[in-house]
């Protein structure tokens, strides 16, 4: 067997554990394992292949990032090509991917990626490529699996940061607004907010009313708690008809439109008179040594993917259905993103403890 | 409602999150919440009660340990009492616990503890006390729930330590034997071993044959890998008839019987000629700031326990059935401990990557 | 002896270690020790005093923040007072501070603060108050001492963040611009940049030329290193006549003027064509559990301050002159801030390894 | 110029920063830089050389261990050789080192090592080899420099562990005895003990009297503090004529002689009746990602060593004389080890706060 690994999209802590597990368990089956650099681009034209041996994956479990490049934004079905007149068009180059796969005499491709990459994998599979998928997203928003690697490290990094901000918020009697990743789903904000002892948590699934936020901060003030921690998903948004983001920026005296944390901070300063600061953790959450959970889950996913290849379960991806690893069809990822349900146990836990969710 | 919290057994990271969640969500329901210091002893004779207000739980989510004392070793059904002749007998003082509960006009007791404490809670419940349980064990060995708080922090601490030992093992070309908690079950060793990139993992569920261990270390030597990491549960034991622990100690030239890590290290030094060192992480694993997961799970457990009290679900304990929190009868904890099944996915993951499990 | 502690300015990790050392060593001498909340404001009108006993400082060494409030921005020599017509004037209330000190029958005041607070302390001392100072700044910019507590924790937090960003910068082939504290001096940027393996470090002491920055990034590109890490002090500024900050913002296509990291990132994106991201670590650096160094230095400072009080060394502050703690006159802090000398050993170390300092 | 790097003795966090700085600054001068694997053994017979380019040191600053092997225990002046009759004799092979150096056409050798390795370097230098030294010891016991890399990381790791043990000691009302490295000097125990809030610190420089230790623990008990933390250097020893280690082991009921932590723990259990546990941090302290301080100091040392080579300052080693890096003659390391002076500021700080030092 000749098996190649391709990783797509942003990196996620635990990705190296997946790669290492595929390599080690593939080699033990006597297979040849290859790494494709730069995602799908590595299968087009300038194919960049690395023969993966044990030495190539030595000690990588504890490192963030990925030993394979992941600047894959290319979709081989809609590949941008520059025309003579300097305009760009999109071209279907999927046949080249398949041709490249055949020329390399590959028997299987394992694609590790988010919903975009896995959707392309599904399409390539339908054109005949023998593909197995491994879901990857630190937002925990891929559907079809209850968890992916990277998420646990992200919430740990976010919680550590909130812990640090707590001391300074209290010492300076300030409101601190912390923005974390999460365009469509609020898992990172909700869980790091709970763990960090946040007073307000704003997530995309629950449009917020700033009046509720002000009230919470004022209540704390009245109780002699002169500081507050607000955790916001990057995709959090206000209730319609209440306060728009644009208006908010003007209210705050800012002439510009910042990220959601900046806007919310400006509103809080205006609405409560409290000194307020904002901080966006952004890319910090993607980095760092993976947590134990992510390293273990990565290895379980990688090993299960090799088993799926051995069993020729093309068109499937590995998924976590605790405590088991299962296989689900690749089209499962095309479902609705895995958002926070309004009655999620974590939501109830937040409300029961008096945390303001903005509604 | 007047509700008391009692914590028993060793501390576990996340315990303060449980306490805080009970207090905050109890107070929001208008209840009076009390903390009982020193476990069941606090309900006997010198009852030590603390009125829990919001201030008493401020900022405690991020701290290890417990704000209530946990030196509870006493079983009120079998309480040791010193006789006039200086001998000790065991006395059933459970009626005093019930009397003390009545005098304090309590409506409910929430017991946070391991299988021992919860078993006692079950017995007290049968005598009429309105009790709800919260399972606690960092070994992950309580049955009835797939996970408890503290375990995630313990494996993270163990993995961090193994990471540190990796560099020095490689630099000095040594074998390092690391002992972690786990008398009856090997979850901590298995998951921290996987995450730390261990070469050998020995757990109570799989009796080990030292010859397999030697072989693995020799194989690595032959591949030019002059160091190895061995992770051992404190309860790991050799296969019968092969090499006994006692014999092992003699083989190693040691005149004494150390912990399992010391014995295994002595055997490896003897059996492979490699310079070998051992380290027992012991109590380190119980301490430290809880991980995000443990803080969130602790809060979910605490909140769910308060809901169970509100619903008068006496005789039940909260449990994690991912992704939900459920209630199970307290007698569930008296079942077999939650050991690593021989075909657990993590076991397969270890084997597939060539990790030696000693069999 | 009756001794009071006042802390001023922003918090710094290690501040609690100072407070605890003063309390413990003061109590052992049989003194009464008091904490003044809210800086100098605590000595005006609504004086807020706390009697400090051993219990009040229990376990605080390992926590960031301060157990005394530090929202002190008030200068008793120039206290803002609102007039009947709603305008504000500044009033000299220093006599009230002295009066308040006398009424409380205090024998000494220990002021822990940055150059502003210590300058006021110096003035109060000249009016007759028996004061000893303890320098505090995480920027390491107070003159008169080669180091203060908080700095070591700040550079550790910054380095940890840069480590995390490294993996994602490399995986995504991006330039990451990281802004750290330092308005007047570049110690934090220089040392965290060195430790984090930065490619470019821009500090206030060395005005930068963006062309040099572009060249460095292009050189790396040519060597196959498709990512770069740029660390910038918040007070870094371009060489005059080259590229102004304002211009830079326009060049980058941004309609607004962000922090220095945002501006530099916009310029790099424009000047090199590389995908570039910026992140400001801001307040993260003030928080968190202090490093061992800061905890020890804090305790040494606190203990030495008590000794200085016992010796009636009024008008002096403790200072680090490695490996000794010495006393220097309070006016020493009014000297030039402790900037990075152009020939500092760390600057030479950066240059020798090919790090671009922007000149 | 052709320059080789040799590292000897145990690894220390920051060693990779030294190596990288030598390589990067050497290459920038146009030199060829080589790494010698396995210490002096690499210069005998089977010389193992690695050509060091930029790629070989990429990203290594943040890792513990060393990219060059350090199993160097060999002294080329007294090299063990097995005779025909299976006995061993020691042979002077230093001429072979010099011959090997010449054959490789090397111009300089940079030796990074502890006092043993540097002493050998001094002897080789006297025989004509152009050598510059870099001191390395995590115990901080090398004389001639006030600090070496690795020490700061070691005390940070020890402090983190003591922090973790604090919570569990308090929860279980136990005495915890923690053993840290330090055969001849107590810097690690003293500084991590101060930072971790230890109640008792026992170091080699101050022989201890167990009666003082018992008294301290009893005093705490009387104050309602039912736990204590004792930090012990591995080289701590009792006062003569008071309690010998052997006696102590018998008193404790143990039939065996453990490490100093075990013995002290057994004595405390016997002498105070408190439940007591011991833990030896051992090799943990050598590992892990270096702190910012150690990464920066390592780079400063490496860069300064290259400068010393360029200036032909043979027979010298780099040293820290804060805030400067200076050169001192290699024979400086043969002086008395850098022990804790009885009147060290840190000792006074410990005493002033009521910490028991055992005397």
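Chains: A, B, C and D, in written order; residue numbering restarts at 1 for each.
One rule holds in what follows: a residue touches a chain if its C-beta (ideal position, glycine included) is under 8 Å from a C-beta of that chain, and two chains touch if they have at least 3 such contacts.
Source: prediction; values computed, not measured.
With centres set at the average Cα position, the gap from chain A to chain C is 34 Å. With centres set at the average Cα position, the gap from chain A to chain B is 31 Å. Spacing of chain A relative to chain D, judged by their CA centroids, is 42 angstrom. Taken residue by residue, chain A touches two or more other chains at 163, 166, whereas all remaining positions touch fewer.
Chain contacts here close into one cycle, and each chain has exactly two touching partners.
Chain pairs that touch, as defined above: A-B, A-C, B-D, C-D. Across the interface of their complex, chain A is touched by residues 20-21, 24-25, 28, 54, 59, 61-62, 146, 152, 155-156, 158-159, 163, 166, 191-192, 194-197, 223, 289, 291-293, 295-296, 299-300, 303-304, 306-307, 322-325, 344-346, 348-349, 352-354 of chain B.
Note for the complex: chain D touches chain B at residues 10-11, 63-66, 69-71, 157, 160-161, 163-168, 170-173, 176, 255-256, 277, 279-280, 282-284, 286-288.
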